[in-house]
Each structure stands twice: as structure tokens, then as C-alpha cells.
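Next up: the structures, one after another.
Shared chain: chain A. Partners: chain B in the first complex, chain C in the second.
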Partner chain A sequence: MSGLISGSLYATMALGLTIIYGVIHLFNFGHGIVAVLGGYFTWLLLTNAHLGLIPSIFIALVIMFFLGLILFKAAISPLLKTPTWEFSTIIFLLGLGILLENLILQAFGPRVKQIPQFFEGGLKIGFLRVNWHEISLILIVFIFIVLLNYLLKKTWFGQAMRAVAQDMEGAKIVGINIDRTFRQAFALATAVTGFSGILLATKYYMTPHIGWLWMFTGFVIVVLGGLGSAMGAIYAAFMLGITEAFITLYLGSLWVWPIWFIMFVVILLLRPQGLAGGRTL
Partner chain B sequence: MILDLLNRKKIAIALGLLFIAVYPVIHGDTYIMHIFVLFFIWALVASNWNLLMGYAGIFSLGNIGYFSIGGYVSGILCKTFGWSPWLCIFLGGVASMALVTLFVGLPALRLSGIYIALLSLIFADSLPTILTQTRSITGGAMGLHDIPPLFDGITRTHSYYITFVVFLVILAIIHKTINSSTGLAFIALRDSKDFAAALGVNEYKEKIKVFALVSFLTGITGGFYVHYLGDISPTTMGIEPFLLTIAMMELGGVGRFPGAVVGAVFIVFGNEFLRLAGTLRLSLLGALICAIILFFPGGLMQFIDWIDTRISRFKTDKTPSPGI
Partner chain C sequence: MSANRAASRIALDVQEVDSLYGELQVLRKASLRLHEGEVVALFGPNGHGKSTLLKAVAGIHPAVSGSIQYRGVEISGTTSEKIVEMGIAYIPEDRNLFTEMTVLENLRLGAFNRKARGRVAENLEYVFVLFPRLDERKDQIASTLSGGESRMLAIGRGLMSGASLLLIDEPSIGLSPITKKAVFGAIETIKQETDITVLIVEQEVDHALKLAERVYLLKKGRVVLEKEAAHISKAEIEKVYF
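Right after this comes the complex of A and B.
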């Protein structure tokens, strides 16, 4: 059960990375800090502006979307035009991550922050105890994935993104504005990542430093699922969530990382394209 | 004019080395000497990283992990068995080489680009958990303390000169490698893999070679670091040393030989000054990294080249041409 919950949380987290990699072929090393920012914005709106939970999440997501637009316009798109973009964007985003992390630390302090749960209480079935909050999380993630799927498959905006992801030259020929699609994809992924940060903050807790951990988890998931494949990322997220639960139960939580590393190496060697490799978005 | 005959850059390097060599004699402040020792060590880590990333084009992000393996193995061997620190440092380098080549180098043969980056990053990131798990040997999260120094009764000046010599020797090895046929093979592979393979460069052999060399040298550097400071903990593998080293490499210029050393001068000394800024130090560092990449992609080496050409042009303008 706990595996299912963390699996669904990891799935939203990995989707942000997948969208960016699938469309732009850029590996987002600023992923963790974006998720943390989403959580902090929500927390800020909740405690300082005294808004309800749902409005503050919504406003935080809108803010994240525009932040993504600005970041792409200001920094990523000029960097993508340089010949060494693959290297320089990674280092840039790492630098940005440490900058924002310490600014958050400066502004809000190192104390643990938590976003309140959606529902209090829980129910008991035999020896199994489940919180309503955790069930609602799984449902929310499921609805979210369906919505995102609709957005990507049915709307013009999403179709343009998938076209660019599958064949950039072809997309250019049929008149899709590549630069605009990149920008929108980056902004959308920023919002999705921010949303995953919010969900994680309701389940666990949040400090300025937690983003790196979330980010590395996200990396393992997207590589397992195959870079740029949304379905693969979702499968991989549930798989890792469940293995994590088993490792924690039988060996202790400290073994999660070494075992993930071994799984990572084995999958990379046997199937470098990932579990559902080859397909894009 | 002897100044024109010699390369200006060579003169600058010679003067810099001379200054470092005589510093303990003429001034000899222990705190500044300590920072110099740190500078030697981090400059080596950054230079090795630069060899792997800038020359061989292998996108590794785990070099701090290689460094810590060397340090930990050397510290543990020396402390528990009481062997000579020199032997332990060598064994630490060997251990780092073996582990890294096995877990990162061999899988990396089949991978490219971003996958190697992720693999090495996750490799380095799973080390701290292993360390905290094996508390009885490695001291867990508290780290390893009271590691014996290189020899009894060592003074700051001794360590200064020892690390200085190590610094020169390893830099000479890196320089030699870059200019040897191996280095040429790296550069050929980085710039055009297919063409290099067509000319008979064995990609697998060269990749393993560069991984082994870099991890060995980084591990040895780690050994010296541990025996100099006397302790090591999982914090050494934290995000801060990682970013500092990346900043050194980036500031100096990726893929330029003394670049990482030039960057290290600025970052190590700048970092000490920034301690005045308190908790804002890391933010400033992050901002610096972003700014360099956006506005200064060539790093300081490009800036030095630019000044060099400016001076040359200035000189040729002043000398009257014989025709008039």
C-alpha cells in the first residue's frame, strides 16, 4: 500500500522530467528546486494570504507556469543555441538550483514545513491501516494523469508537443513553431513538477534541501522507464515505489539507494532504452 | 628582447609557481598556507575532472565520489592496520580505480552522454548511505577521525611542500597525457567518434584508460586530503564540494589544460572571502555559476587569451613598419 502511494507520487514527479526530456531533449537538473518552489509557494499562500488549500495550490501552479516561461525565455533558450548546450544547461540548472535553495533557506529558514493533509482520519481493514489522505492522493494522481494524457493527446497544444517530440524536422515542415512549443512544454513541465512537489509535501515534509533527493529519485525513474516515455515513467514509478516499500520493510530504508543503484545499472546494461523504450511521450 | 622570445603565459606560470614555492619562507602565515594546501588539492580534483569531461568528453558527475573513496580507503587502512600512510594513499588510489572502473567505467562503455552523467551521479550519491550503514568500519555519519598524518611531527610547512610537489607531479601527468597519443585519441573521440574509430582508435580501450587514470589520480588526491586534514565524513560528498569543483572547472574554462587550476585559484580564495557573507555564500556561488555560463562560456582561459592577443596587437602597432 505504501508502495502504491509513493509510486503514484513518484509518477507525477517523473512526468515533469519526461515532458521536458521528450520535447526539448534537455535533462532538467533544476527539477528538485522547481518541486520545492511549488511546495513553498503553496505554503506561503496558505499561511500568509490565508487562502484555502485548493485556491492556493491553483495559484501556485499558475505562478509556476509563468516562472517556467520566464526561465526558458531568459536563460534556457539562449543556452540551447550554443554548441555545447547539453553540458551548459545542466551546469546552469545546477547553479540555479543551489542559488534558489539558499535563497529559500535565507527567507524561510531550515525548519521543516508541511502542507496540511487533504482529509483527516483513516480506516482500518484488519491489520491494514489507510489514511483517507493517502487514498485521495492516489485518486488525485490518477485523475491528474488522465487529464495530462487528454492534454497531450487531444488538444492542439499537446499534439504540437508530441509532434516535436517525435520528429522535430517534420514538425517544422508542417508549420509548428518550435520555439513556442519548447517554451510551452517547459512551462507545463514546471507546473507539473511544482504540483508533484505540493503532493510530496502533503505526504512527507519539506525543507529547502529535500529537492536534491526528489530529483535523484526522479532521475532513476525516468531512466528506468526510458527517457522521454511518459507511460514508461509511470510504470517505473510504481515499480520503484513498491520495491522501495519492500526494501524498507525487510532490510531498512538505508538500503534503498544502493539497491536502486544496482537496479539502475542492470536495467541500463540490459535495456538501455528503458522499460518502455522507443516510444515518445 | 628575451621577453618577446619567451611566451608571456609561460612567464606568468613560472612567476606564479615561484611565488608559491617561496611563500612559506617569505611570509609563512599558517592560515594562508592552509588555504594554499586546499587549493592544491581541489585544483587537482578539478583538473582530473576536466581531463575526463573537457578532453575525453565523458560527462561524469561523480568525481567527488571517486575522491572520497580514495580518502576513505586510505584513512581506514592506515588507522586500523597502522600501515605507512604513503602505501595507504597508493592503495586508496588503486581502490578508487578498481571500484570506479568496475561500476562506472565498464557500464559506461555501452552508454553515452546523459546516461553516463546519471550513472556516475547516482553512484556517487549512493556512497554516503553505504558509509552510514557500515558504521563500525567507516564511522558512519560522524565520519572518520584521528587519521594519522603523513609522518610524525609534521608541520604546516612540510604539508605545504608535500602537497605542492604532489600538485606539480599530477599536473605534469595530466599534461603529459593530454599531449600523448592517448590524449589525442580522447580529443578525436570527443570531436568525431566515427572518424576516430575509422582511423583505428579503440573507443573501449581509451574510455577504460581515461576512467582508470582519472579515478586513480583523484583517489590519490583524496588520500592526501584525508591525511592532511586528519578526518573525513560523508559531508565531503555533499553538494557543496561538488558545486565548488564544477565552478572551478567552469570558471577556468572546460577543455583547457591549466583552466581548472586558474579557476581553483579564484574559487578557493574567493570562497574564503565569502565566509564574510555567511549563509548567502552558497547562493552567491550558484549565481556565479549561472552568470559564467550565460555570459562567459569560455571561462577565464578565454579571457586570458583575449588579453594576450590584445597585448600582442598593441605591440605590433607600436613598432614602426620598415616600409615608411
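Right after this comes the complex of A and C.
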């Protein structure tokens, strides 16, 4: 049960990464901090502006989306046009991640913060104890995945992203503006990542530094699932979430990363392109 | 027919275009002209700039000098997005299909540009009439199509953009004789039933000569010959190759 929850949370985070990689072929090393930012903005709105939970989340996401647009236009788009873009973007985002982490530290302080759970209480089914919040998280992620799928397949915007991911030359040929699509994909992914950060913050806790942990998990998932594949990321996320739960239960939480690592190596040895590898958005 | 041609408006006017790949000059003052509704074939040895010329018109590869005008408007240097909107569709030799999408999704994306979005249904209908095979396979993933079918899909996708000028790069290369006939047949139908202007690059001289009204020969990036298709023979064309 708890595996399903962590799985779904990880999935959301990984999808943000997948969108960026799939469409732009960019490894977003600032990913973790973006997630954390989402959480912090929400917290800020909750406590200082005294807005309700849902409006806070909504506004935080909108802010994230626009930040993504601005960041892309101001910094990443120019970098992409240089010949060493693969390298320079990674360094840039990494640096930005560290910078933001410290800014957040300064602005919000090092102590742990939490975003309140969505619901109180829970139920007992047989020997399982489940609380409403966790159920709501799973439902939310489920709805989110359905919405994202709809966006990708049934809107011109989503189809443009898929087209660019699958054949950039073909996308140019049908008249898609590659630059604009990149920008929109990046902004979308930023909002998605921020969202995952908010969800994670309600279940666990949040400090400025936790972004890196979330990000590593995100990368493992994305590579395991097959870079650029949304379905693969979802499968991998659930696989890791469920195994994490089992491992914690039977062996203790310290065993999680080592066993994940072994799984990772074995799967990639057998199938180097990842679980759903070769496929894109 | 000739009198009509002469009186017909000029659709595409390529004048003295140079183009480079890195430091290699591929087009040297290449010039050609198409009238509205004409079908023109572009022959020439491989690597001598035929595809580059098409790409330059489509806005996918830059022309470093010279001018390219479509219906009187200068398009050299314009983005590919705007060029598609103006009615020019490029159908590359590599097809560049969206491999993980269905035939239908590929075709719909062909209508991505603003002008074509409102006409998806009717353009789709026409494409399916032209290529019934695509209708049969419309929910099939593009990567599972045969060589000929993917060529047809590429042409269909180009038509979906509402194009008035088709730039087709080697549509029959690598296809079986029967499929070649089908593909050329479709282009012939487009010629007969629509006012679409077609510039077709081909190695398959026989078929292309039957289809085209005029031919150009490109050698070493330069246009070395221009003639009415009726006044030129395959042998004459092949002589220029060597």
C-alpha cells in the first residue's frame, strides 16, 4: 500500500523529467530544486497569504509555469543554440539548483516544513491501516496522469510536443515551431515537477536540501523506465515505490538504495534501453 | 498547352541561390521557376544539390545568397513554420514520419499550421480517397508501414497542410515497381484533379518524364539544362549525368 503511494509520487516527479528529456533532450539537473520550490511557494502562500490549500497549490503551480517560461526564454534557449549545449545546460541547471537551494535556505530557514495533509483520519481494512490522505494522493496522481495523457494526445500543444520528441525534422516539416514547443514543454514540466514537490511535501517533509534526494530518485526512475518514455517512467516509478515499501518492511530502510542499485544494474544489463526503452512520449 | 504555361502565373521563383553545408558549397547560383499548377521534375546526379534546393525552398536549410520567391513574396530566410503556412509542403526522402504515432495522428499533425486546422476533415477525406491503403491502416502505428505505404503517408501528410506547392524528394526510391507505379499514379491524380504545383526530385527518369511538363537538370549545384518534358529523352538526360 505504501509502495503504491510512494510509487505514484515518484511517478509524478519522473514525468516532469521525462517531458523535458523527451522533447528537448535536456537533463534537468535543477529538477529537484524545482520540486522543492513548488513546495515552498505553496507553503509561503499558505502561511503568509493565508490562502486555502487548494488556491495555494493552484497559484504556486501557475507561478512555476511562468517561471519555467521565463527561465527557458532567458537562459536555456540561448544555451541550446550553442554547439556545446548538452554540457553547458547541465552545468547551468546544476549551478542554478545550488543557487536556488541556498536562496531558499536564506529565505525560509533550515527547519523542516510541512504542508498539511489533505484529509485527516483513515480507515482500517482487515490488517491494513490506511489514511485518507494517502488514498487521496493516489487518486490525485491517477487523475493527473489521465489529464496529462489527454493533454498529450488530444490537444495540438500536446501533439506538437510528441511530434518534436519523435522526429524533430518531421515537426519542422509540418510547420511546428520548435523553439516555442521547447519553451512550453519546459514550462509544463516545471509546473509538473513543482506539483510533485508539493505532493511529496505533504507526505514526507521538506527542507531546502531534500531536492537532491528527490532528483536522484527521479533520474533513476527515468533511466530505468527508458529515457523519454512516459509509460516507462510510470512503470519504473511504481516498481521502485513498491519495492521500497517491501524492503523497508522486511529489511529496513537502509537497504533501499543498495537494493535499488542492484535492480537498476541488472535491469539495464538485460535491457539497456530501459523498461519501455526506445519509445518516446 | 504551351501558351497556357507562358500565360500562367509564376508560383516559385528561385534565383541564383547559393547554399553551403559547412564549408562545402552545394548550390551555385541555382535558378529555376515553376508556374502555378505545373509539375516539374528535377534530375541530377546524387549529391549535387537536388535535396538541398528543396530544403532551401522549404526553409529547412539556409540559402546564403540569391532569392527565393513564392507567389511574389520573398521567402528566403523565413522560418519553416511561416513557409508551411504560406502553402509549401516539403516531403523528404527520409519521410520523417512520427514513428510512434498512428497513420491518422501523423496525418492530423500534417494540418498543424493555422490555416489548415479548420480543414482537417475534408483534407483527410481527400487523402484517403487518393491513398485507400492509408484509410485501411489508419490506426496502425507508422513504424509498421511498408516502404511504399510510408511514402504515401509522407505525401498524404504534406497534402494535409493545405499546400499549394509540393516539394517531393525521391518518392519512388527503394520501392518495388508496382508500388512505384502506385505512388506516381497518385501524383498524377494530384496533377489532374488539383491546382497544386509540384516540384519532384527523381532518379526514376521514365516515370518522372511522363508526369512532368518541364524538367531541370542540376549538376554540381548548378542548373545545366531546362527543357519541356516532351522535347527531351531519357538518353539525353543520362548523358548529362556522366
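One rule holds in what follows: the second predicted complex is superposed on the first by the 281 of 281 C-alpha atoms of A that agree within 3 Å, B and C clash if a C-alpha of one lies under 4 Å from a C-alpha of the other, contacts with A are read in each partner's own complex, and residues count from 1 in each chain.
The rule is short, and it goes like this: a residue touches a chain if its C-beta (ideal position, glycine included) is under 8 Å from a C-beta of that chain, and two chains touch if they have at least 3 such contacts.
Note that the structure is predicted; figures quoted are calculated from it, not measured.
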Please determine, from the superposition on chain A, whether chain B and chain C clash or fit. fit
Can A:N177 be said to touch chain B (first), chain C (second), both, or neither? second
Is A:V223 contacted by the first partner chain B, the second partner chain C, both or neither? first
Using the superposition on chain A described above, determine whether A:Q159 touches chain B (first), chain C (second), both, or neither. second
So, does A:D167 touch the first partner chain B, the second partner chain C, both, or neither? second
Partner chain in contact with A:T47 - chain B first, chain C second, else both or neither: neither
By the touch definition at the top of the document, which applies to A:Q106: first (chain B), second (chain C), both, or neither? first
Dominant toucher of chain A (residue count), chain B or chain C: B
In the superposed arrangement, does A:G97 touch chain B (first), chain C (second), both or neither? first
To be precise, I mean the smallest distance between any C-alpha of chain B and any C-alpha of chain C in the superposed model; what is it in Å? 17
Report the residues of chain A in contact with chain B in the complex, numbered from low to high. 27, 75, 78-79, 82, 84, 86-88, 90-92, 94-103, 105-106, 212, 216, 219-220, 223, 227, 254-258, 260-261, 264-265, 268-269, 272
Any idea which chain C residues touch chain A in the complex? 58, 60, 79-81, 83-85, 89-92, 94-101, 105, 108-113, 117, 157-158, 161
Which residues of chain B touch chain A once you look at their complex with the stated criterion? 53, 59, 103, 107, 110-111, 113-115, 117-119, 121-123, 125-126, 129-130, 132-133, 239, 243, 246-247, 250, 254, 279-280, 282-283, 285-290, 293-294, 297
Which bits of chain A are touching chain C when the two form their complex? 156, 159-160, 162-163, 166-167, 169-170, 172-177, 279-280
